Amino acid sequence: MNPVSELKRGIWTENAVLKLGLGLCPALATSSSVENGIGMGVAATFVLICSNVVISAMRKIIPSKVRIPAFIVIIASFVTVVDLVMAGFLPDLHKALGIFIPLIVVNCIILGRAEAYASKNAVLSSAVDGIVMGIGFTVALVAIASVREILGNGSFFGINILGSGFVPMLLMILPPGAFLAIAFLLAGMNQVSAEK
Amino acid sequence: MDKTLYISSSPHVHEGGTTAKAMRDVIYALLPCVALWIYSFGIIKPSVVMALCIIGCMASEAAWEKVRGLPITIGDGSAAMTGILLALNMPPNSPWWMALLGGVAAIVIGKQVFGGLGYNPFNPALIGRTVLLISFPVQMTTWMMPRTHEITSATPLSDVKIAVGLTGNIPDEIKAQLGSVLFGGFGGQLGVVSGFALIAGGCYLIYRKVITWHIPVSFIGSAFVLSAIFWAVNSSKYPSPVFHLFTGGLMLGAFFMATDWVTTPITPKGMLIFGAGCGILTILIRLFGGYPEGVAFSILLMNSATPIIDRLTMPKKFGLVTQKG
Amino acid sequence: MIGAVLSLGGIGFLAAVILGVAAKKFAVEVDPKEEAILNALPGANCGACGYPGCSGYAKAVASGQVDPSLCTPGGKAVVEKIAEIMGVEAVVAEPMVAVVCCQGDNQKAKDKYKYIGVQDCVTAQMLAGGPKDCPGGCLGLGTCVVACPFGAIEITSQGLAVIDREKCTGCKKCVSACPRKVIKMTPKSASVHVLCNSHDKGPQVKGYCQIGCIGCQLCKRAAEEVYAVENFLAAVKYDTYDAEKARAGMEKCPTKCIRDFADGYPEGSTFKP
Amino acid sequence: MELKTFKGGLHPPDNKAWSEKKAIEVCPLAEGDELVILLSQHIGAPAEACVKKGDFVKKGQVIATPKGFVSVPIHASTSGEVISVEPRLGTAGTKVPAVVIKADGQDTWDENLSGADPDTLTAQEIKDRIRDAGIVGMGGATFPTHVKLSPPEDKKIDHLILNGVECEPYLTADHRLMLEDPDNIIGGILILKKVLGVEKAIIGIEANKPDAIELMTKACAGRGIEVGALKVQYPQGAEKQLIYALTGREVPSGGLPMDCGCVVQNVGTAAAVNDAVRRGIPLIERIATVSGSAVNEPKNLRIKIGQPLGKLVEFCGGAKGELGKIIQGGPMMGMAAVSLDVPATRGTSGVLLFSEGQVLKEPEGPCVRCGNCVRACPAFILPTEIAFKTKKGMIDEAEKLNAMDCIECGSCTYICPARIPLIQYLRQAKGAIIAKRRKV
Amino acid sequence: MTGFFIILVSSILVNNFVLARFLGLCPFMGVSKKLDTAIGMGAAVTFVMAVAAMVTWVIQYFILSKFGIEYLQTIAFILVIASLVQLVEMVIQKSSPVLYQSLGIFLPLITTNCAVLGLAVLNIQVGYSFLESVIFAIGAALGFTLAMVLMAGIRERVDLGPVPKCFQGLPIAFLTAGLMSLAFMGFAGLVKG
């Protein structure tokens, strides 16, 4: 297993958000600032890695008939852990992400990886899969969030970078801006991969 | 056979109209309003805004088509028309970059992304305006007083909205002014300064058969009826129907934006529903919504319902009626 | 802690019991073979098998009454896979490709009239029998291009339909789409074909096309086993095809209406042999 | 005068002034002229030639016999020698079976033809005479008349409608016929009324022919025939629209006029019926308008079936300027011909020559959804939606949008600012739907 | 009564689940290609949401709160919703094959529809009463359906148009959704709350 190619797979070729169209809800909802995006990305990555490991370890003892409910319960447990940890240590971020923390449970990426990868592969490679997929998700979130924060607020990671002369385009941090940003990002990705 | 002839499917004659001709008609119909608009707000600034909007539209259309290797269609006048309509929807004292940006947004995300003329589901000019309104609420609501050119953020609609929001009633001093709405004297969108020019332009379009009466009549009619009902219930809180019709962008919307061919229903019945929906939503947003003006939103909302309306109002084909006698 | 375990366990248990009972009570059978076959099929829904889409064909094969070798686009691999699922022996038919039997592009063939209208061969054919003077020639308006589910057909810069022999899967969609029946199915192994579809007599053909078959019989004389001439139109006998002999006949053709695709595609095509 | 009309449609400039004042002239036929008589000049099974090369035929003699019920015989239009029986270039631009006669210049009638008093004949005998005379709808559709006159038992017919609308621009043939030969028309109407056993007969005439309305009203007075003046609106002369305008009845979708108790006949057909029954003359001649921007002298002609279009044009002073298009029939529904060698048929109501500059060459643009086609459509369907679906090959969708109800009047295409050949897409859709239905 | 009305209007128009709250985007994008399926999906979501709102409300207040284990909310809710959806699917498949044909295919999609879980969590966060929860659920589902039906209508048209290659598929769908969301901004402030 080549870590570079794996990473490339997670970030580019099989990027969950930008290539496969998974995990869209949090990608749009929590990308109004780069900070939120990273917070969401890290939280989801954590859940992804843990659930991948546990499911991979238990893949032989879970009967295939009830595997989906079992997966969901495992994922939900980790989400609860993240929820509690964030509430305790990062109350502001927890508040900003709000309902989308519990909603990590139904993030299709996580269940998708569990079903497509972790339930068929060994623990170690499942963990790596979780890491790269999580990084891919985080990268996508940061990309969307960067566009939105820079255009919509004139800042990056909370730091004003475009100076005071810039009039922020409020639209970009509002819901329509999220849709437009991801639309153009996706189109750009398509264009780049078509030209390759 | 020495010479090959032309062969095509019947009919072999044509009425003569082209899309470009119709677009030109719309531009002609707008000219009086444009002239009045520029005149009322002091020639130079509004002219620059108008020019930049048109340039933004036409240049982005040409550039987009050039990049995609398509035939350049700015000659059909539709981009220019979008630019003019966009300008009429903006404060005459807008900053230059806003006019340009509005034009680009209108053409790129409002039209070309969908494949160009004929395929856009939303009115490009209104997309441009709404993007600007939401992005730059301050700049987009900094109006000028006609003739005096005094900078103000007040329009009759926002005055009423603020007053009602604060006190629950329209104060008498504002009420006294509302009567003069027909004759201008207020800051704000085009409707204030040239309501009559817009009506004349609209009638010209109907006469030229570019548009039909359905949408303007049902738009204005439903807005009138609904606002009249509210006014009759409580005239101290809700302004009169005449006030509603002649303020903001209602006339412009009813004659020029809601009648946009591409984004509105094709069946006459659908057009009536479309117009009525626009009128009702406009009044509801004005009276109860967060924004003082609702014409642009209501038309965009109805644009999104156009395919459904078209489907629901498909005419009953000939010969489907049950035989009488 | 105990409350948590108990209640969550309770909810889980309850849900499991309900689902378990429901699964028994509401069980609906699905043929696993059908699903396996559907997964094995290419999923192009091209209809070459004669069934409405891949799922229709999967159902038919699973019922055991239909030959598993009807999927031409899938080729040998798919047939073998299906045969394996069904537990029968695979019989793979000789792969076929479609060929546009015409080289009369807008340089070489005369037009009957100037056509204005919908760019579609079927529609143009309805108007005075199509703009080409030749009654069988390719109209080049691209109805077959639209019909091809595999993107294997292009219209050359000179207005002639050409089929890529590599991309063609033999699904016959173009054959039924063409209003002039100028596309024919041929064995993929044969690369020499008579590219003309006019049954008119020699002088008439010469009148409207520089590259049409005039029925002169020269190819037949050079290679009797490979060529036949019927109704003033030469044809390759694919049953007794032989590359060398076919080329011998091809070289004799005075109008060059016989082409070996190994030498290249007609002028203006972007396809490479 | 209150004018009746239908819903939808439009009003193209009629350009009738060029020929409406011109009296009908006989298009001459000289010795040695070739007449190409196509064996399929009607809707239905083609007739089968019963003469062979070298035979001498007389004017009015049967040269091809009908095959099947929906078919009619074909007659020689003049006397002369059959020089070949072979496929010739036909109206549709392809080669179709034809009998070619070389005129002997004598124009000798077949002596076996004889007329009869319709009052002494039964309905069936009249119908037989009509069929034997080869009479078909003269409006251009060329549906065999005897079939139209034989509705099934369960269809009660109470209206005979005569189509004198001539809503196609340029054409004035029916107009002139009504002005010059009203008695022949009325005679035919009376025969048709007797065959159908109906009390009520209405002649529909568009208001742009006031002289014809006046004349026909006067001539019909007291003979149980009404004249209905109609608004000038295209396609007023389409069967279903005409019935609606005159009676307020709608022909059911997918049905025929007889399904609402009506039979529609062209005025020209009525005249031909009169000739056939009373005088025994088969359908070998008809009135046609030769007009258009590329004709020197537009005229109304009495032509012989089988005369090449070129002869007709020649008699009208020939073509002028650069010829771009030849149209058989009217400009709205007529078919473009590939050459002037194409012979006139029983359905040739007009020959229009358009100059090069008049040919519509604008490329098809994107639909801007102006809705003009929807408002113009007399069948109340959505032409542009159907065209759009057809373009994408979505034939089932097109069928759901009632593509089959299109009457191909061409109004949508005439009015379309994007110059989309809507009607061609509709024909494509209809063809595909029919093919699909056959397959199922 | 006005309270219910406000909840309804707010959840359908102002805070539309899809266009303003970004909930349920996956099925929104996936199922809005055709109008008929969009309507079917809308009906299925409405039904499931209403039932889920009721069940989760009961669980929250009669089990989780009783035992003081609110932190298990996520696990309990998702468990219940997943089972519920599967149960509904099985029942429909057996009892009405016709309904299953038109509706059933959407049911598995609903399990991972964050709108359902989001709704359940929101109900508890806002502290709605049982009846309010149900009203909110119905409003949210209607809003979801409305957005999806409008979207499907537009997409049926847009997808047939000459959309630039790189925008085909998801990008143009997002762009359309963005413009719809833009239009729905007009409802902002329509009701306070």
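Per-chain residue numbering starts at 1, and chain names A, B, C, D and E are given in the order in which the chains are listed.
By our rule, a contact is a pair of C-beta atoms (placed from the backbone, for glycine too) under 8 Å apart; a residue touches a chain by one contact, two chains touch by 3 or more.
Since the structure is predicted, the reported quantities are computational estimates derived from the model, not experimental observations.
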Furthest chain, CA centroid comparison against subunit A: D
Contact-richer chain pair [B-E vs B-D]: B-D
Where subunit A and subunit D are represented by their mean Cα positions, the distance between them in whole Å: 71
Chain centre separation in whole Å, for subunit E relative to subunit A (CA means): 21
Inter-centroid spacing, subunit B versus subunit A (mean Cα positions, whole Å): 41
Centre-to-centre distance between subunit E and subunit C (centres being mean Cα positions), rounded to whole Å: 44
Of all residues in subunit A, the ones touching two or more other chains: 69, 73, 171, 174, 176, 180
Multi-chain contact residues (two or more partners), subunit C: 12, 15-16, 112-113, 116-118, 123, 127-128
Interface hub residues of subunit E, defined as touching at least two other chains: 72, 75, 79, 82-83, 164, 167, 172, 175, 178-179, 182, 185
List of subunit A residues in touch with subunit E within their complex: 21-22, 24-26, 28-29, 68-69, 72-73, 76-77, 79-80, 83-84, 99, 102-103, 105-108, 111, 171, 174-180, 182-184, 186-188, 190-191, 194
Subunit E-touching residues of subunit C, taken from the complex the two chains share: 3-4, 6-8, 10-12, 15-16, 18-19, 22-23, 25-28
Parts of subunit B lying in touch with subunit A, wherever the complex brings them together: 109, 131, 134-137, 139
Residues on subunit D engaged by subunit B in the complex (per definition of touch): 10, 12, 93, 169, 240, 244, 249-255, 260, 323-327, 331-339, 341, 352, 354, 359-362, 365-371, 374-375, 378-382, 384-385, 401-402, 405, 408, 410, 413-415, 417-419, 421, 423-424, 427
Residues on subunit C engaged by subunit D in the complex (per definition of touch): 112-113, 116-118, 120, 122-123, 126-129, 135, 146
